[in-house]
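Below you'll find a set of structures to go through.
After this come two complexes, each holding chain A, first together with chain B and then together with chain C.
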Partner chain A sequence: MNVLPLIKSEMLLVYGELLRRRQALFTYVAYPYIMTFFIIFVGSSVGSLENFEVRVGVNPFLFFIAASFNFLAILGIVDDVLWSPIYDDNIGTLPYVLSSTTPWFLRLLIIPIPRLVLTIILGFTSLVPLFTYFEGVEGFLTSLLLMGLACLAGLLLSTFAIFLACSVSMLMGESWRLLNIVRPLMMILLGIYYPRVLMPFTIRVISYLLPSSHIVDLTLYTLVGGGTPEVLTVLTMLGLGIALAIAYGPLSYGSTKSLEMKKLREGVKT
Partner chain B sequence: MSSFSRARLFMNSARTVFVSYVKAELLRSKGFFLGLISMSAWLAILMLPMTLFRDPRTPADTISTYMFIGIAIFQAYSVSTWDWGWELRDSLFRGVLENVIVSGSSIFVMYVGIIPITISWLMLSLGITYLMLSVLVAPPSLQVADPALFSLGLISLAVVLFAYAMILGSTLISSGTSGAVVEFISWILPIATGGITPLANLPPSMRFIALLTPFSYPAELLRHSLGLASLVLPEEVMLVASVLYPTAFLAFGYFYFKIQLRKLLKEGVKTVSLW
Partner chain C sequence: MSEEAVKVTKLAKKYLTKKRKGLLKSEKLVVEALRGVSFTVNYGEVVGLLGPNGAGKTTTIKILSTLLLPDSGEARVGGFDVVKEASKVRKLIGVMLSVEKGFYGKLTGRENLIYFGSLYGLSGADLRKRVDEVMELVGLSELEAEDKLYEEYSTGMKARLSLARALLKNPPILLLDEPTLGLDPMSARKVRDLVKSLALREGKAVIYTTHNMFEAELVCDRILLIDKGSIVASGTPEELKNKISDIKTVILQVRRGSGNLNAFLSKLAEVAVGGVAMEELGVDYLEIKFNVRSVEESLNKVMRLLTEGGLTTNSFKVVEPTLEDVFIYFTGGKA
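Entry: the complex of A and B
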């Protein structure tokens, strides 16, 4: 099956929406700054920036702008995958999705691709200015590396996100409120704002099961290592992330099929 | 119709709003409880990294108390933005507001009817925040050093937030502004007005800006009454400002609301975007 027309139509949908809702785009671009400002503001009022730097080993401004960027980039890439079953159900397009000749799984799988452009836009508006300001040309190059890692983190999370979205819908129905509980928990486990290494052992083990948590960890290593983490560390992290993303492939396919069968059996509720 | 009958009609309408919210949110969709769980998870995302700023020599409960008060004030701002201000915009989007206007009932029934829901939501969310801070940092030690000042701070905060909700709500219904802008305001406002951090900790320019707004005074009184911050202005000045400024702000909010409503009735309902 030719996936290019699918990707093209998804691109037209995403970019059309983006240009039409410029206020939403503006908020999206502003969010890394708002969250960085918020956390540093409250954090420094209960402690100090120096304490943070001693504990984590990274300039807090760079850490939090990178974390906020990662947070929004990953959400921007996979959020529509997570919402898709609920959204299609709510607006009444699910019967058309199910009766389409294009497999539902494939439709879900290509959702993240056009959204990678958002990551690049966000990277140039958040990472590049701050990293270049603090670290010059080296900072600029680090920010490009972080953008690449964020794109990869978002893509690698896709299969898990499909599995999660379909499993939640399958077991508990299309509830956006439930998804709104699952989403932040997933973001905590990725270790974006709170490094995985500082988490309690049990939570850390669960975190290891998420493909993108390894890429997020690699981001932290990049920051601590001043843009040059060790080659072995990079390969291990990348390998783990990619292997887990592939491992979730059959599970996500199975969960999509199960949900599809359930819908065909029980009908789509309106 | 006599004033008594009008007041009774108003309270009956407000009770109907309250009952319908209880049925829809608490009983039918369980949205109230699921929303709280969701909120605690989102809060954890923000609170966990804040613990990394802590000086190991500073007692954990002191840090926890600071964080609790900051988050409590942020949540109070948040409910006034979303439960009151945004609710008008949402009811406009769902076509409810036009029916309220046509029925001849006051729009304020929407605010008054939601108040019990908002207060209980706020109390429960503060309970969750307390619990989370106890687990993640240490139990916050909330000791009211000056109960009278604390009460004044609370009343003053409620008045300011009610006035703010009226201004925000009426601006939203008369302009059709989208949620993105409101979300932006809901983050910036508590930071810029000294709601989250003690005014003494702010840079002088930011402190000056914060003192120009009515939001900073109740927040500062609350922190001071809990023994968490020393006042940046003499106590007498702070007390007078905490009474007069919020009252004037409420009066302004009310008149602004009336003007915007009149504008809405004259020009018709603005087209609103999806979000």
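Entry: the complex of A and C
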């Protein structure tokens, strides 16, 4: 099956559902700045920016803009996967998706790819200007590297997101309620704002099971380490992330098939 | 390709529903949606599924669309089993399940069709050409609605777009669930004419569910009357009417307050086949409608009852039953 037309058609949805909603797009673009300034405003009331730079080893503006960008980039890529079964059910497109000749799992797997456009837009409106302003050409190159890592983190989370979305939809009727709790938890577990090394042991173990948490860790190394991390560290983290994403593949396929069968037994809502 | 486009044999489906009993308790209820339904549909034929709400029409369409698994029985579409060979069935069918839903609001009509077309395996120039063709066919080009956002569409436009999607891959079999529900007369006529011509000119097999008797008579070559999950009668509209040919419909106009109406109605119930319908005709008259079997004998009884009741009649008509009367006769008057 040729997946290129499917990716192109998903691109239409990204364009229609996100880029045509100007207010939503504006909020999306403004979010990293809002979060950065909010955290720095609150942080400044209990400490100083200089102190943060000395202790963490990175400019707080750059750290929090990168964290907020990472947060939104990953969410932007996987969010549509997480909500897809519920959204299609509600607007009545699910029967046509299921009765099409494209397997549902393949469609879910393709959803995140066109969303990378959003990550790139967001990268050029948040990361690139700030990093270039503070660190010049080197900052510009670092911002491109961070954008690449965010794209990878989002893509690697998609199989887990499919597994989560389909399992939750199978377990309970109003699955969106549970997803509303699980989604922010997942973002915390990724270690974006709260580094993994500071997490309690059991939480850290759960965090290790999320493919993208290793890429987020790599991002932190790039930012905080004050230079390029060791090749072995990079390869280990990339390897772990990719291996976990692949490992979730059969689980996500199984959960999609199970949800499809459940829908077919009960009758797809029209 | 076999002559039989759809073959359904003893199809049965039960739904398990829950009825709330207080805050925490609920009672499980089993609803028999289909009870061993069997029928066939040939290529070039429009077959109407006609029945009251909850009769099993949509359940049948869903099973044939591979969107619902039957409990027992067999359904073959284009020669393929809808359960075991669902992916092959999906290549042969065009489905229209809801007039008002099923598209992305922030995409235009054209973009929506391109999106679903790619899910159906179409791509590139072929897809764009086919999208233009079907938009022309359903009259959306005429309305200059191709590049309007779906959320700005009227109900008529939405229905046409839904039909356009069903036709996108030019399938030999169309499954249309109440395609004219809520449409204005012009849009409804456009949909009906198109469906009829697709069967006639292109030899497509069409299953068409509707509540509308007039529509069923206009569009369908054959009608299956379905009630409580079973087919209670089937045939061409004329054959169905002939099934109750010994029954005639009597329409009386009676002056209000001219005699003992209640006594007349209670005795009339013994003569009439099925129920007696009554409607107000302005301030002075009531219209009473009922079916009778052996006309001569029944009419004598009715005349005698009118005289006994002291009722004054303005008009007395005996008419042939319509398809609506057939529907009411077989389904017990449920709409």
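Convention: the second predicted complex is superposed on the first by the 258 of 270 C-alpha atoms of A that agree within 3 Å, B and C clash if a C-alpha of one lies under 4 Å from a C-alpha of the other, contacts with A are read in each partner's own complex, and residues count from 1 in each chain.
Following the convention adopted for this analysis, a contact is a pair of C-beta atoms (placed from the backbone, for glycine too) under 8 Å apart; a residue touches a chain by one contact, two chains touch by 3 or more.
Just so we're clear, the structure is a prediction, and the values are computed from it rather than from any experiment.
Following superposition onto chain A, is the placement of chain B relative to chain C best described as a clash or a fit?
These partners fit in the superposed model.
After superposition on the shared chain, which partner residues are touched by A:G173: those of chain B (first), chain C (second), both, or neither?
The answer is neither, since A:G173 touches no partner chain.
Counting only touches as set out at the top, which of chain B and chain C does A:G239 meet: first, second, both, neither?
A:G239 contacts neither chain B nor chain C.
If we overlay the two complexes on their shared chain A, which of chain B and chain C does A:G267 touch? Say first, second, both or neither.
A:G267 sits against chain C, while chain B stays out of touch.
Would you check which partner chain A:R21 touches, where first means chain B only, second means chain C only, and both and neither mean what they say?
So A:R21 meets both chain B and chain C here.
To the nearest 10 degrees, give me the chain B-chain A-chain C angle using C-alpha centres.
Placing chain A at the corner, the angle measures out to 80 degrees.
Which partner chains sit in contact with A:Y193 here, chain B, chain C, both or neither? Use first/second/both/neither.
first
Between chain B (first) and chain C (second), which, if any, makes contact with A:I181: first, second, both or neither?
Only chain B; A:I181 stays clear of chain C.
So in the superposed three-chain picture, is A:V46 touching just chain B, just chain C, both, or none of them (first/second/both/neither)?
A:V46 contacts chain B only, not chain C.
What's the minimum Cα gap, in whole angstrom, linking chain B and chain C in the superposed view?
In this superposition, no C-alpha atom of chain B lies closer than 8 Å to one of chain C.
Once the complexes are superposed, what residues of chain A are shared between the chain B interface and the chain C interface?
21
Touching residues of chain C toward chain A in the complex: what are they?
Listed in rising order, the residues of chain C that touch chain A are 15, 58-59, 62, 65-69, 87, 90-91, 93, 95, 97-98, 101-108, 111, 114-124, 127, 149, 165, 177.
If we count contacts the way the header does, which residues on chain B are in touch with chain A in the complex?
The contact residues of chain B facing chain A are 29-31, 34-35, 37-38, 41-42, 44-46, 48-50, 52-56, 58, 63, 66-67, 70, 178, 180-181, 183-184, 187-188, 191, 196-198, 201, 273, 275.
State the interface residues of chain A toward chain C in the complex, per the touch definition above.
1-2, 4-6, 8-9, 12-13, 16-17, 20-21, 91-93, 95-102, 107, 263-268, 270
So in the complex, which bits of chain A are touching chain B?
21, 23-24, 26-27, 30, 34-35, 37-39, 41-49, 51-52, 55-56, 60, 64, 67, 175, 177-178, 180-181, 184-185, 187-188, 193-194, 198
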